[in-house]
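Heads up, the next two complexes both have chain A, just with different partners, chain B and then chain C.
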Partner chain A sequence: MNRSRASAISNCEKEFTLEAIQERKRLDGRSVYDYRQVFIKPSPVTHGNVLVTIGETRVQACVGCEVVVPRPQRPTDGLLYFNVLPSPMAAPNYDIGKSSLTMRVERLLDRCFKESRSLDTESLCIIAGQKVWSIRVDIHILNDSGNITDCCVMASFCALKHCRRPYVTVSGEHATIHPVSEREPVPLNIHHTPICITFGFLSEGNYLLVDPSIEEEKVLTGHLYIVMNIHREICTMQLEGVALQHEEVVKCTKIAMTKVNELNKSINKYMGIRTNAKNMDEDGQSILTNVLKETTLQIDNIQTAANVQEDRKNGKDIIQEVQEDVYEIMYPMEEEPPVTEEEEPPKTKPRDKDTDEEEEVTVTLTKDDITGLTSIETGLTSNTGEQTSVNRNSNKETSGTRGRKRRKRK
Partner chain B sequence: MLTSPAYKHVLYASMVDSKVIVLPGDAIPLAVGNDIKLGPGTYSGGGREEGSSVFVKPGILRRKDRDGSSSFWVNTQHKRYVPSEGEKVIGVVLRTGRVYRVDIGASQNASLPELAFEGATKRNKPIVQVGDLVFGSLCQADPDFEPEMTCVDSSGRASGMGLLKKPGCVISCTLSLCRRLLSKQCAVMEELQKHYKFECVVGLNGRVWLSAPTLMQTIIIRNCIKSSEFMSEDSIKEMVRQAVLT
Partner chain C sequence: MADFEYLSPEGLRSDGRRPQELRVLSCNISHCLQADGSAYLQQGNTRVIATVYGPHDVSRRSEAQHDKAFINCQFSMATFSTSERKKRPTGDKSCLETSLALKKTFEAAILTDTYPHSKIDIFVQILQSDGSDKAVSINAITMALIDAGIPMKDYVCATSVTLINDTPIVDLNYFEERGPGPELIVGTLPKSGKIVFLQVNSRLHIDNMEKVLKEGMNGNQRVHTILDTLIKKHLEKSILT
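And now, the complex of A and B:
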């Protein structure tokens, strides 16, 4: 693997690792297809701040968002950046700044999230051509113990999933960004879960390893990165350093399917319980009650925190009733087809004028009642207005589901 | 405040029980001389008088007395090696020539003259290739200079140092684990010695070279050593017992 500086490896280590792999043994006692233990820790305090560890490899991802002017070529698309920051403490051969490693990971992340449309960049639009959200994901590599790519992809996904951006209302030419204290911030629109699986190859692809450790990475000659989601759709793929036969790639894809399944389960396990991490007990039951708390909050806003606490105490009785809802919340991506996912967020995402009409009421209310809002004067000109409408039409043609959706509402 | 009488008192008290925590920037109220030596974690900017040296690492102050002189150093939880004079390290040869360039895991590579081996003369040089492992001591480790290694002691003998030619494996671990492995009552080493025959060289730069008769044994010993860092003595015994059974 390319590092910022060539890592010194002795002949002694090289021979030992090769010998072990040839005897189908791995230094940490795993078998060839085993993945290391994954642990994900979303921050209980800040949204969009997640620590992911694979074995000893540690990566922390933080998401930040700001309002910017979109690119003129794509006036309705929000921006999404990935920024990989290697810490010099991660490994002795790391240096600060860009290197071939960070460039490669950043490019892979771009393909994972933008080109496979995992994060809907159009939903980040506030006013077409004028204001869009720009999402920046900072990925700090804290410790490199092998397989940094998988860890970065997983950390980015979890951070984006965990992130909440401020609620925005748009009325004509005004957009109001509500402070977090005033309106509950909203999650980002994520359609599916891209999960990266790294395969390492030795001696022209004769030996294959899943999730190589740092010792193994030093002797590997080739890598194959497969990014796949839970629906078994390959988001992106990258092969370097080795030429593979067709059957071998298919075999890797099959292994990746099972691994993606496993990893998706652990992501759900850790991320599903994020909001109430403080009150967590241990397993299933408490997860259910926590999710129950969420559902009750969503269903009925009048309920106070005290009520919810009571509900949690009596949780066992209500669990049966809401179990279906709970299941939906825990596995939103598996259960909901993409069309319905579009349906849920419009109240939070005034993407264009279609949704504006519904929200105008709320805007007037907030403007009258509350002072000190961050409001943005936009001054929408007729020119850009035309541009938006044209773009919307073209969107209808290109993306089938969205077009269908709008027509239904009309 | 750092050189206050109270602090001095604490530091002198540490000579007895050595349980004092020091922080970077703390002044050392001792004059460096023949009877006082300062080791890793300290920096004396050339001055030898009292108070001119400071600690540069946070950790527990340790002390060792030998032949009427006492040396002080700081025990820290580090992964990155900072060279210190007189320490024995394991390096990887990166470039050969008259002076070998050796990677010792520090910010700079060390230099090792080709004549700094036992019995080496201009005609009779050791056979060293790029990628070879070498075990030697640092004879120069000033922070402002490039570190320099040697594989002979003051009397020109190898005394255990030199090239590590046997097949084996290298464990990279934290510096504190390395120091612990070298201490006389190291639980994991004592336990492993009971069950296995193996050769082991510990470098203070976070590298341990290990050679056992079979591959499987090497892997077992390697994993036992690596995981022993945060274990109690009892659980180390239990772990080694389990490892032997497998």
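And now, the complex of A and C:
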């Protein structure tokens, strides 16, 4: 794969890129240590479905979970699989199926999440030796515009963070997997945030780049992948194809540290949007908050009443109408607006909210950038309005309708 | 294995070594007569066999590179090498990853531009695994490449290092590798001190990085002296016979 990439560049183009970098200039106007703009879009409909873009590089990660029999040598550990799926759409030299690229990225992800114990696999155990959760992360490479490794690691992390698995109760040897409509699904236990920073090296390691673009990747001689978390710990590190002095490696880890902090802030920012308030049109937001505040009150009263079932329907209809309107504003492409049903208040507490994310973010996107990305996002802003409880219920329900398809009962 | 004592109060390891002490390293060069270069390397109980073919013509036209040699590397672990019998010797993800990492390492160390349009095959197999598999493989491949007479920038010497109670421990055996500490595998060109192979597994704090890396590089210097004397002895012997 690398070979066909390398051959896809002409000599004069190669020389031009090299000369530019020797003058510490990059083709897209960045300086040597600059990272491209990062944008993360968690799906508002499905849990565990996240789109991550770094510049023009675009990766979508989806998480699925099912109950399986654990490995005999590790009876209390859940399973975690990463599956990198390059498509020929992403770059002309991509083939469908396994290649050295997918293998390298999958192993890096294994080392990031499993071997550095980022995802707590022991918490995925339901009954030791009999039933554990198997988490599978499918990473679709939609567009390769350089630095696919960082994008894949970030997408996997965000998808795992965004994922919810059904609630399970165990009594003796009997486990009950509650449908999402019965119990609030629970997030996965994630201990720390591994973030990958790719360094590219040119002409025998004399020149260094952060976050190489596709043009730059064609002239690179070597890579250094550093995966770190915000606790200043190196989760994984891999050097490829270049000879470096030991001081240079230490310097790279220090650069990586600052980049990890920046990226962590933008991850928090984008993942926090969903928890605070959904991406919403300002009009939609105001309609929803005004009308739904009343219905929330109604429901609260109704739920205390004896004949809950009958009265709930009234509340439900109002919510559903409003909800449908809002979804039409938000997602004109959507065929089926998510169904809203009545349900018990959440038993688990809502996700952590980052309060101070707005000020600190360094990697930010303007509204124009966001709207340019997908047709779905037209007219959306990162509005951090207050979240009504009905709003949250509808969130839960949308995931519920999907989750019910794949739920399993013992 | 929770109570396993990795470092005794006297500062000795489970197999009686001091923290920075390497295992006994012995090497049998040119044991395989069909190959252009071969080496059997034993570091403690880790035994590795490496063979090198080439430089020869490329077997497929797509492999040919106009400016440098193509390096093919295959890493495998014998089914009987681990305590639990492996289902197949090669083809699993970690074997493929190691193959790729070794290939990249030796692309950086071999003077590939001396052999354009040709191919160098490297085959390495773990016969017995007792920790530091990748590091020992790198040492064995270096010996095989020298035996094949392929020009390199320098020896590539590698060791694995971990950190136990803030003490860096060099050349890990199986128990130490499976232990709680982080694992750093570093391969260097000893004369220039340049790093060509670097892998960190598990969490290593950035403040400890420099300490662990330094200790690994010191270990590599010691590996280098041993490998160098072994090569020289082998040459003397082959000249005399």
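Criterion: the second predicted complex is superposed on the first by the 267 of 410 C-alpha atoms of A that agree within 3 Å, B and C clash if a C-alpha of one lies under 4 Å from a C-alpha of the other, contacts with A are read in each partner's own complex, and residues count from 1 in each chain.
Note that contacts are C-beta pairs under 8 Å (C-beta built on N, C-alpha and C of every residue); 3 or more make two chains touch, one makes a residue touch a chain.
Small disclaimer: the values here were computed from a predicted structure and weren't measured.
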Fit-or-clash call for chain B and chain C when the two complexes are aligned on chain A: fit
Contacts of A:V242 with chain B and chain C, given as first, second, both or neither: second
First, second, both or neither for A:M228, with chain B first and chain C second: second
In the superposition, chain B vs chain C on chain A residues touched: C
Partner chain in contact with A:V250 - chain B first, chain C second, else both or neither: second
Chain B versus chain C as contact partner of A:R107, first or second or both or neither: second
Chain B and chain C, minimum CA distance [Å, superposed model]: 9
Chain A partner contacts - residues on chain C that touch it in the complex: 62, 65, 84, 93-94, 96-97, 100-101, 104, 107-109, 153, 182, 184, 189, 192-207, 209-210, 213-214, 217
Residues on chain B engaged by chain A in the complex (per definition of touch): 79-80, 92, 94, 103, 105, 129, 131-133, 164, 167-170, 209, 215-216, 218-219, 222-223
List of chain A residues in touch with chain C within their complex: 3, 73, 100, 103-104, 106-107, 110-111, 115-117, 205, 222, 224, 228-229, 231-246, 249-250, 253-254, 257
Residue ranges of chain A touching chain B (in the complex, touch as defined): 8-17, 19-20, 23, 25, 27-29, 89, 92
